[in-house]
Amino acid sequence: MTRYILQRLGYMIITMFLIATFTFFLMKFLPGTPLSAADKLSEEQQAVVLEKYGLNDPVPVQYFNYMVNLTQGDLGISFQFDNREVTTIILERIGPSMTLGFQAMVIGTILGMLLGLISAIYHNGFLDYGSTFIAVVGKSIPSFVFAGILQYFVGVKLGWFPVALWEGWEYTVLPTVALAIFPIAIAARFMRTEMLEVLGSDYITTARAKGVNKFGVVFKHGLRNALIPLITVLGPLAIGLMTGTLVIENIFAVPGIGEQFVKAINTNDFPIIMGTTLLIAFLFIFIILVIDLLYGVIDPRIRLAEGE
Amino acid sequence: MENHKPSKDLFVPVERTDNDSEKINRPSLSFWQDSFIRLRKNVGAMIGLFVLIALGVMAIFGPYMNSYGEFEQDLSRAKMPPKVEGLGWLGMDGTLSSVQTADTLEKAEQKAYMRFNNQEEFITLQTLNDGSNGQPAEVEAEYDVYAAKGMEDQSFWFGTDGLGRDLWTRTWMGTRISLYIALLAATIDMIIGVAYGGISAYYGGRVDNYMQRIIEILVGIPNLVIVILMILILEPGILSITIALTITGWISMARIVRGQVLKLKNQEFVLASRTLGSKDNRILRKHLVPNVLGLIIINTMFTIPAAIFFEAFLSFIGLGLPTPIASLGTLIDDGFKSLQIYPHILLFPAIVISLIMIAFNVLADGLRDAFDPKMRE
Amino acid sequence: MDKLLDVKNLHVSFDTYGGEVKAVRGVNFDLKKGETLAIVGESGSGKSVTTKALMQLIPKPPGRIKEGEILFEGRDLAKMNEKQMQKIRGKEISMIFQDPMTSLNPTMKVGNQIMEGLIKHQKMNKSQARKRVVELLDLVGIPDPENRMKQYPHQFSGGMRQRVVVAIALACNPKLLIADEPTTALDVTIQAQILELMKDIQKKTDSATIFITHDLGVVANVADRVAVMYAGKIVEIGTVDDIFYNPKHPYTWGLLGSMPSLDSADEELYAIPGSPPDLLDPPKGDAFAARNEYALQIDLEQEPPMFKVSDTHYAATWLLHEHAPDIEPPASIKKRMEGMANTSSESKGERV
């Protein structure tokens, strides 16, 4: 197990290193510089600016400095808000993004699991078709379309919740719901498939042969076995949510990382773009790693396989 | 027993013809026939297929069904609501409406007129609540935009956008572009994935080993990150978006193909044709590809909606196609800018993209079930 | 002795995508208290479906009991609802399944899996149940039961898991134990151990047993009577001696011929040609006719009824009809029959 974790960490570091290197050289060759964002400056002023960003050093030195800074969590200085560190900007903005992502994840997976469970128990019944329909629609329709529907009908027409900004919990409702649809759909489909498979397995027949009733079969024997594989979809779900927040934050004007990111793209603020990209990459890889490890810890069968 | 005294003549040994024992086998349908029959029974998948065909036809012919051009701007007809003769009951009657509330009925009416620039002759008011019951007065104003602009002879079926461009034409042009990008990306993914996975598995050993290491590193990089970085390098455009989508898109295909080929590689019929001296690529073509084709089709059916989603997604984060090109993504992004007052600008492209996504997903699910050997009796 | 179980004209079908699969097509047999009946037949012949139907463990849908009675101590199990069946399952009838690797819940401790039935049927509290689990594990030959009961199934080997499955089945002292190919999925050496265990348990408890196998070799050791199944029907049923030393059905001949025996080590093993019929669309007449080298013309047209060979021995083949030509069984079977002096040499039966 320890060896496995170390191996996975190794892969993670290599991947991050490659992405960081790629990002650095990309920045070097992209057209934008801090100067393009600023007003016309005299040559003297320009030299000062370039000095400040360390752009006068030879490229290998810049690369080295960049990497060293990265390991210390320093993502450079924004072109746009002069003098502000990218790391600080990101940290300021991570709160709303995390809140949205976390709420959507928790609400989404729980509701989705319930829906999937109902589907499996009433297999091929009316409830099954209903929840399968919800799942297909929820998986297919992009979150930004849901955001539009919610914003217009629930926000504008019904006026139940504010349509934009971030000034209290009620502001989180619409963006959270828009984001949660995807995890609901994925969790429901996955839960249904897993539960049906579990309910068709031999040990369920064994349990029934013991005289266990339907409730016991589903909840005592079935649920736990169906839940374990569900962990594997949490990774893709988290990734889907991160992708989703990038657009949802813009639609609902939530002051999160995604909104900042899009602003940065529109103003060619490369340090912020790259910083955010690196952060996203890191979170992606980290989440997948954690989930893989979690899976190994929770499932006794896998724990054994690794131990052997 | 229906016959108590069977005739004596029947008690003689059976004369056997050679292929008697073969007869007990049920006439077996070929894999494709069987799958197709199963697909046809799947109502959802068939509806999905039908919707896709209909949308495809509209993407090809829709833009030519009226005389407005995709890029034809005219600010005097900006943000016209949708109007289709005969579909007034659906709300597509070329009017805008607004509900205004105020303390008194008079004030509410005033506000309602003001909402549409006091062009009283084109406004019909309807009192929802005259304010006598203690609650605020409510008035609904309906404003005939086409009449107010003297355009009664025209109809923009899906309305117009902020620059006065016809949204019918743009929606179908946008559908065309989005489908084009998605199909192109899916095709490239398929070609690269099949070639990579097939070669990796078929030659095995060192080749396979190196090729798999490369994949392992590539999958570690989130495709969102790759797509964003690629677009930053390449500058947004149809081709660059397609390329960005394919850079990581082929990997899942390669893995699936590799897995299948590995599984099939050691099966008898391949070994048999190997010993009979077939050339390597002939075996690959004649035996392996048909066997993995089902999986390839299913996987492609899932990559197409994913590509459509990503195209729209890129528009949202400012990395989409440059103006004035219409794609479903740019249209939806545009629609959000005036969602609160002119929801129709968002409505139609949003419906189209949703239909495409649902239809592809349902069809892909149907195909997966149809090809699934577990379902075969 | 009283009949414990009397199965009459049992029909079980599955409604599948391709149509109705008639998996069991009119099965009759009975079982006395303490008796062991072996059901043999190729895989797919309906052995598992028959026995699962006894406990109403057929997945519904697609499966259903179409017709027939399952009289267990006089009560018809086929007519019972789920609630009533839950009181029978595990308490009066219990089942041992084929594959110990999949028949235990992987995420539940072994002890808890055994305790479940005890708590449910015998209303034991936890500590009583725990005591009984230790006894049971001891009975099935699992060493160190106090510790083993706290482990998960994956910490057990295949043979040990099957012992756990046996313990689960025995927990409430059932009147009828059904063992569905309990050794098939195991290594040869382990197979012998589990068989030993089964015999041992038969001695220690007074449960009647239905022992399913596709391997006639194990039958002689464990069973009192044998039923041979083919394509959803019992084609021959009798005592072990009847079936081994005086078989009447060509299918039984085939099964016996494909069984390795000590004195025929040099002979080539016989294999029944062809494959079982498609139960979606069973053939007219005798289902075995297409594979039967002794088939008569009538086999292609009419289904053979059961013929009575002796009080204990019945077989469904037209060869027992009075008009049937005298047909010599294959040499190896004849050798068996000669080895057994007291069997009747009568080659014709009495129709029932």
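Think of it as A, B and C in the order they're written, each chain with its own count starting at 1.
In this section, a residue touches a chain if its C-beta (ideal position, glycine included) is under 8 Å from a C-beta of that chain, and two chains touch if they have at least 3 such contacts.
Keep in mind the model is a prediction, meaning the values are calculated, not measured.
If you sketch which chains touch which, every chain touches every other chain without exception.
Among the inter-chain contacts, the highest number of C-beta pairs connects A-B. Most remote from chain B, judged by the distance between CA-atom centroids, is C. Rounded to a whole number, the gap between the C-alpha centres of chain A and chain B is 23 angstrom.
A straight line joining the Cα centres of chain A and chain C is 54 Å long.
Between the CA-based centres of chain B and chain C the separation comes to 53 Å, rounded to the whole angstrom.
Those residues of chain B that touch chain C in the shared complex are 1-3, 6, 8-14, 20-21, 23-26, 38, 375, 377.
On the side of chain C, the complex with chain A involves touching residues 52, 55, 57, 59, 61, 82, 86-91, 94-95, 97, 99, 102-108, 113, 116-117, 120-121, 152, 154-155, 165, 168-169, 171. Of all the residues in chain B, the ones that touch chain A in their complex are 44, 216-217, 220-222, 224-225, 228-229, 232-233, 305, 309, 312-313, 316-319, 332, 335-336, 339-340, 343, 346, 350, 353-354, 357-358, 360-362, 365.
Residue ranges of chain A in contact with chain B, taken from their complex: 11-12, 14-15, 18-19, 22-23, 26, 29-30, 136-137, 139-142, 144-145, 148-149, 151-152, 156, 163, 239, 242-243, 246-247, 250-251, 258, 261-262, 265-266, 273, 277, 280-281, 284-285.
Contacts from chain C toward chain B in the complex involve residues 16-18, 21, 273-275, 277-278, 280-281, 283, 289-291, 294-303, 305, 318, 321, 323-325.
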